[in-house]
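The structures considered in this document are given below.
In what follows, chain A forms one complex with chain B and a second complex with chain C.
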Partner chain A sequence: MKDELKYKHLAEQAAREHRRERKIRTIAFLKRKSAAAALLVLVLITLAAVFAPLVAPYPDQGKGAVNLGERLQPLSGKHLLGTDTFGRDILSRLVYGARVSIFGGLFIVCAAALIGVPLGLWAGYSEGAPGVVISRIGEILISFPAVLIAIAITTVIGAGLTSAVIALIIPWWPWYARIIQGEVLRLKRMLFVEAAQMLGYGKSYILFRHLLPNIMRTVMVMMLLDFGPAIISIGLLGFLGLGTQPPNADWGLMVWEGAPNLMQQPWIAISPGAAMFILVMAFNIFGDNLQDYLDG
Partner chain B sequence: MLPFLIRRLAGLVFLLLILTMLVFGLSRALPGDVAAMYVGLKAKPEQIQKARLELGLDKPVHVQYLRYMGRLLKGDLGISLRTHRPVARDLKEKLPLSLEIVLLALLISIALGLPMGVVAAFKRDTWIDSAVNMIGSAAVSLPIFFLALLLQLVFFNWLGWFPLQGRISTMMEFRDPLPAVTRFGLIDALLAGDLEYMADMAWHMFLPVVSLASIPLGLVARLSRSSLLEVMQADYIMAARASGVGETVLFFRYGLRNALSPVLSIMGLSMALMLLNTFYVEQIFNYPGIGYWALASIFSLDYPVLVAITLVLGAIYVLSNTIIDVLRRWVDPRIK
Partner chain C sequence: MGEVLIRTQSLRTWFPKRKSLLGKPGAWLKAVDDVSLTIYRGECLGLAGESGCGKSTLGRTILQLVKPRSGSVRFDGTALRNLDFRQLQPFRPRMQMVFQDPRSSLNPKMTMLKILAEAIRANPDHDGDSILDQAVELADMVDLRPEHLFRYPHEFSGGQQQRICIARALATCPDFIVFDESTSALDVSVQAQILNLIKRLKQRLGLTYLFISHDLNVLAQVCERIAVMYAGQIVEIQESGRLFSSPGHPYTRGLRDAVPIADPEAKQTFVSIKGEVPSLVDPPAGCRFHPRCDFADRLCATRVPELQRLERHRSWIRCHRYRQLNFNQERR
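Entry: the complex of A and B
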């Protein structure tokens, strides 16, 4: 009885120390200027995207209403980032376009992980045929240009953000499957997995209760670092007219719309391009810092 | 080594086979009448019917596929629906143009990115390290089309240092064409001793190559830094340090070689990425390579061309990965 109390006390003390250490590390992480700045940018852009109707100076123009009286206006107090060929306020369109980038990117990364991680777990754990089949299918999908997949999907269900997102998920999930497969191959030779096998636990129990928690960190970091490329990829398809359709706003599409006026009214193409660059850079810096923090 | 190569080549053939089936199947399953596209908008129904027979579209899909494969083995990739030119001939002309800028970009990204990463790792936690980190992050965060337009704006419109677009000056185009020895413009010009031609071409290639090189440069710089830092923590480095090996020797003799393997592994991916990015760069710079051709074919649904380009890109991706695996085995004998 006394021993039990003593152990309980010790355990509580250890847990307290662990929590305190984690708190110190979290503070140290946020004290890194680059990480804090990146996080601030991410939060601001996400808030702007969520509350677009409240944030945008001209919400109707953000959604695509034309305003031909004020075509091609340079930066001014009335239009902070100028107007485009249809007279629409660029800042408003940037705010609405942020929705496509943030939510589209989030959806791609989550869907790719949701498909890739279970398949990778299965492929890694059961070696033999499933592993080979999954990695071969992945290899084929990876070597298939997303632009062509987007064309195929577009001709079937029409052009739009949905087609673009589906087209990107198809060659994206194999990366997750591949990395997770490698991780599982490494982990399953470790003692705790062998112990679980000897205790007679079922395959799916070992996969999801023993292996998954150990690879969650890898998956989280990978998802965070994939956010930037996902946003760029949506922009790339939008630029080709294979994503969001006008008059809706999408940063890639906005760059394409502004490209013919590049030499005379550079702000039309440069603003959305710069917005994309800043958002992606913020994700990359934050992701790098988080990875350092988790490793260190 | 040999069994490994044979296995990889068999894998390549298998992958290409699946790719042909997929792309071919897709091109037949998607809406749009190939025969109608072939003869054009104003064709009469009889003409479309005639084209259908001519292209063999009246046969079942698997027969069409086998016919296509039969011709493919003879190097015949069909005829473009848009230009009615043989696809294989266009491919032979356009692929080297793109490969030239892609390979140059790869070269630049290694030549600059590797030293950047090495110096950053050597001078860890100094301002040099953070500068390299910043440049690396920025390079991978730039959307390719944005970078290309930005370069045009700054270096053509504002500074006037580089041409806006094209592969060669208009005046040069009226000269006798260079003998196509390697089909790489710069090398052919050098072989022909035409330095003026070569300089003009390099001048035109500069901005497209810089646009393409940005992402791999960032990847190489970041990866070589992090992989060096990881290697320098290894036990054998500590053992060498304990036995009195100097830091510089330790770093360059013992660390660098072992840090190269992950850097090499990113090169295959970079090749694939850059080939896809030629779609954008060549469009923006009006550069007549495979990317420009691909985009034009995409929007006119020119299936024979799209099938051919997918095959070529897939083959290049797998081939470059194979070459890199061989190199990695050579650099790092631990891989087996």
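Entry: the complex of A and C
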């Protein structure tokens, strides 16, 4: 009994040490100005997207209500980023558009990981046919441009955010499957796998207890670094009219709507473009820093 | 000490080399070719040979990590070759392995306690209540302290990592352990510590093990008998002392003469064995060593020598001419 207490004490001490180590590294991570700034931008944009009805100065215009009395207003105290061809407040529309970018991006990345990671595990861990079949299917899907798939899906279920997101997930998950397959093939040759085999543990035990924990880090970094490209892709499909349909707000769609007036009223197109640029940069900088932190 | 624990008979482990269009192997890499070996309970057998001669593959085949192409492995009377995963499972904890690279042998995401607990649980008749106590005991056996149990592998040095691997191998109270070059990746001083640890454990627990190494000096320290392997075959099995004083096979003599003596005054000439290690895909006809042997005659080039029993206790040799040759303590 006394011995058990002694071990408990040791376990707590070790846990404390590991926590302290992690804390030191986290502080060092946040002290890097680029990481902190990127995190701040991400948090602000996410909060704005979540609480859009409270944040946007003109929530109904953000959702698409027209206000023809104030068409094409330049930047002013009343409309911080001006108004568009229908007189709608651009800042409000940016805030509502952020919902599409953030949640659409999140959905694409999560769905791609949820489909790709299990298939990659399966492809990497089973010898022979499944690996080959999954890789070939993945290669075929990757070779189709998302725009082409989006057009095909649009003809079936109609244009909209849903078809855009589906069109992006289809060629996206194979990247996860491919990277995870490679990781599994690498880890499978590690001796701790053989040691577990020697103890009589079966394939699924080794897969979930030994391989998966060693793969989660790669998946996390990959998801974070994929956010930027996912957001840009949604914007691209919106710009081409294959994504969000007017009068809903979407940054890519807003750029397209502002394009005819680019010479006279540049703020209409530049604001959503700049918003997208800032958000994607923030994700990339944060992702790079996180990768360093996890490797360190 | 007469009880046989492991007996292999004409064991062959071949790997398909090139595959033709139809998926049939065009050539075989004969990593283990006709190996018959007996390991007695309580015995520590060494396995020596150059790199690439099939030592590790032999160890893995005995443990059924690699399936042989033909021949048999009997463990404690049971033939293991045709057992499937389920049937093999009860035997797994009874045979363990310690690998060359301790870093890769430990899952970086698991603490030492988790690693040991996993091994303890693998033993079907373990005592469920006291896994922590058993882990502490195992740590003590390999000279690690209880607080080490809560650390991750990267917090240990290479020597300590190898101690954890040894503790894991002991956790199931195995009948048989294979040490596969377990000290080769370590510094010489650390290597000596690990070898001493293995010697102590051998005395304390009465271990039976196969120690694979390319270093005859290492084997002489921890083994009573040494088997010498060349190009996938056993060429000689001898008592450790005799192997050094009067090697029977010309290859064994070559290996012995290449071992340096730690004496700066001694005038040493290292006689290397001429030629290259033969390919395992297409080994030489007759005696596999004959192209490199100084004593080979026409018979050696044409007929494969059998592994024959010597009059001495548990000694075997695979050489046509061993009766005419007499190598003594004198180095060349």
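Everything that follows uses one rule, which is that the second predicted complex is superposed on the first by the 284 of 296 C-alpha atoms of A that agree within 3 Å, B and C clash if a C-alpha of one lies under 4 Å from a C-alpha of the other, contacts with A are read in each partner's own complex, and residues count from 1 in each chain.
Throughout what follows, a residue touches a chain if its C-beta (ideal position, glycine included) is under 8 Å from a C-beta of that chain, and two chains touch if they have at least 3 such contacts.
What you see is a predicted model, and the numbers here were worked out from it, not measured in a lab.
Chemist: Tell me the contact category for A:Ile140 with respect to chain B and chain C: first, second, both or neither.
Modeler: In the superposition, A:Ile140 contacts chain B only.
Chemist: If you count the residues of chain A that each partner touches, which comes out higher, chain B or chain C?
Modeler: B
Chemist: When the two structures are overlaid on chain A, which partner does A:Gly200 contact: first (chain B), second (chain C), both, or neither?
Modeler: Only chain C; A:Gly200 stays clear of chain B.
Chemist: Just chain B (first), just chain C (second), both, or neither: which does A:His210 touch?
Modeler: second
Chemist: Once chain A of both complexes is superposed, is A:Pro266 in touch with chain B (first), chain C (second), both, or neither?
Modeler: After superposing on A, A:Pro266 lies in contact with chain B but is clear of chain C.
Chemist: So, A:Leu225: does it touch chain B (first), chain C (second), both, or neither?
Modeler: Once the two structures are laid over each other on A, A:Leu225 reaches no partner at all.
Chemist: So, A:Gln13: does it touch chain B (first), chain C (second), both, or neither?
Modeler: Once the two structures are laid over each other on A, A:Gln13 reaches chain C alone.
Chemist: Which chain A residues come up in both lists, the one for chain B and the one for chain C?
Modeler: Shared contact residues on chain A (touching chain B in one complex, chain C in the other): none at all.
Chemist: Which residues of chain A touch chain C in the complex?
Modeler: 3-4, 6-7, 10-11, 13-15, 190-192, 194-202, 209-210, 213-214
Chemist: List the residues on chain C that touch chain A in their complex, please.
Modeler: Per the touch definition, chain C meets chain A at residues 63, 65, 85, 88-90, 92-93, 95-97, 99, 101, 104-109, 111, 118-119, 122, 132-133, 136, 146-147, 149-151, 165, 168, 172.
Chemist: Mind pulling up the chain A residues that touch chain B in the complex?
Modeler: 136, 139-140, 142-148, 151-152, 155-156, 228, 232, 235-236, 239-240, 252, 255-256, 259, 262-263, 266, 269-270, 273-274, 276-277, 280-281, 284-285, 288
Chemist: Flag every residue of chain B that touches chain A in the complex, lowest number first.
Modeler: 14-15, 18-19, 22-23, 26, 30-32, 133, 137-138, 140-146, 149-150, 152-153, 157, 272, 276, 279-280, 284, 294-295, 298, 301, 306, 310, 313-314, 317-318
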